[in-house]
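Below, chain A partners chain B and then partners chain C, in two separate complexes.
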Partner chain A sequence: MNMKYKNDSRTKICRPATDVISIEDGIKIFMDVPGADEEKVDVSVEDNVLSVRASYTESLEESFKVLHTEFDHCDYFREFTLPRNISSTKISAKIKDGVLELTLPFSDEVKPRKIQITKE
Partner chain B sequence: MAFRNLIPWQRERDIVRKEGEPSLISFQREMNRLFDDFFSGLDSSFLTPARASLFTPNINVKEDKDNLTVSAELPGMDEKDIEITMSENTVKISGEKKEETETDKGNYHYMERKSGYFTRVIELPVQVDSERAQAVFKKGVLEIKFPKQDKTDNVKRIEIQKE
Partner chain C sequence: MIYDFFPAGTYEEMRRLKESINSAFNSFSAGYPFCNIYESPEKTCISFFAPGLREDDIDISATPDSLTISIDRKKVFEEQAMKEERPFGTFRRTVNFPFKVNTEKHWAKYKNGVLRLIFERAEEDKPKKIKIN
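Showing the complex of A and B:
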């Protein structure tokens, strides 16, 4: 696997917890990216691979003394292989309260459609 | 087994077999010892799978010269669903993380995000002024800043009376 994401060694790369759900007309992805900045979220599709990266804007304040730690300021990164029936040009993304929500609609060709039976 | 000596706590066990003890009891003792040895090396949360499915926010505690800051990762939560209470020098963060509503009818492929009720209790290592504490919820991260209390405020001088 080629690692497309380079980080500046200062920040750790985290794999965000993700829900992937099939809905009627496509796929929904919910990803927990607490602390990630809206401007620093990057969603891209290349060769059927959806990659998501997100990072913090605030740099770690050096003057702080850490007393207890369970999470890091990290760069979130994750890749997914998309099924063929997803129309990659119609993917939309929004972020709210640290949750990134992606909507991946099925392409029109694969949407269920009724085939009329003609009577001879 | 040398590795057993590295474990800081151990359940009580009898090393010495008592005189005249039936061998079956001795065998049971030996089995208990083996179990204790095995499980004492594991993280206790590993043995309680129910806990793993619950939402437990990650917490960081840091300090600088004037403030103590507690931060918690609460992605997808509404600030109205988060409650912060303070007693003595202990902070309690609790609430309920709800699932997205539109996912009800969906079919899950990955389900890694957790939801549900949670409570975290943090004992603060220094005296803080809870009256002036400030909490901010931004981008799914809750940050509570407590100004440290001046140590001299707490020192009370007791006058000695002369009789």
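Showing the complex of A and C:
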């Protein structure tokens, strides 16, 4: 159980569904965070741990009363320990239609390099 | 009592674990996409939580009593996934309105992965005042 994320409010913490894909020059992560936009998402790296926090609150007219609920107001939280070969300073993130896409490139040291042969 | 056997805070952790397991099982039984239903005297609002769709992937049909949505969620990658938790494929879900609605008077919007539909209550279903003679 993760103790790093302290939820002081009564908001529920959800573990967003995630796909992790290995690509040629790194790793891609797709995460479902319905209802969250770029202002409500926070991605950070600390001690080689990638943390994603996002929140969602459904805003409706006051006259609406809840009749049935399957997806409550929640704080999304998930964290991943990064492999050593990921360049944490070059991680990029974008969000579209409630899907957060993270690109984690390999650091230059582990990328295949062509070694030039010099003629003596 | 039983709490004395555990260090401080452990019980709270166990309670949260129990809640998350219960919530996971509730979600399984609900079907996909998850939905919330709201009502007011004049309208009903239904929200579906279906991220990563385009408008063409969503098909909505309504009768005065129920609403059916079909979604086709396509994979955005071809590579073999190291971890795959997000649902893909075709999903269909029907929910009943809390009252009869006027299918002509509706509002629908898909934003940030949430599809929200609002329908007005049908005139014939609205409560009518009865005068005492």
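What we mean here is this: the second predicted complex is superposed on the first by the 102 of 120 C-alpha atoms of A that agree within 3 Å, B and C clash if a C-alpha of one lies under 4 Å from a C-alpha of the other, contacts with A are read in each partner's own complex, and residues count from 1 in each chain.
Here, a contact is a pair of C-beta atoms (placed from the backbone, for glycine too) under 8 Å apart; a residue touches a chain by one contact, two chains touch by 3 or more.
Keep in mind that this is a model prediction, so the values were computed, not measured.
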Please work out whether A:E109 is in contact with chain B alone, chain C alone, both, or neither, and reply first, second, both or neither. neither
Pick one for A:S22: touches chain B only (first), chain C only (second), both, or neither. both
After the superposition on A, what does A:E39 contact: first (chain B), second (chain C), both or neither? neither
Under the stated touch criterion, which partner chain does A:E120 make contact with: chain B (first), chain C (second), both, or neither? neither
Both chain B and chain C touch chain A at residues 17-23, 27-28, 30, 32-37, 61, 63-71, 96-99
Taking the touch rule as given, give the residues of chain B at its contact with chain A in the complex, in rising order. 58-65, 68-69, 73-78, 100, 102-103, 105-114, 122, 125, 137, 139-141
Note: in the complex, chain A contacts chain C through residues 1, 12, 15, 17-23, 27-28, 30, 32-37, 58, 60-61, 63-71, 96-99
Where on chain A is chain B touching in the complex? 17-24, 27-28, 30, 32-37, 61, 63-71, 96-99, 101
Spell out the residues on chain C that touch chain A in their complex, using ranges where they run on. 13, 16-17, 20, 23, 26-27, 30, 34-45, 47, 49-54, 76-77, 79-87, 98, 110, 112-114
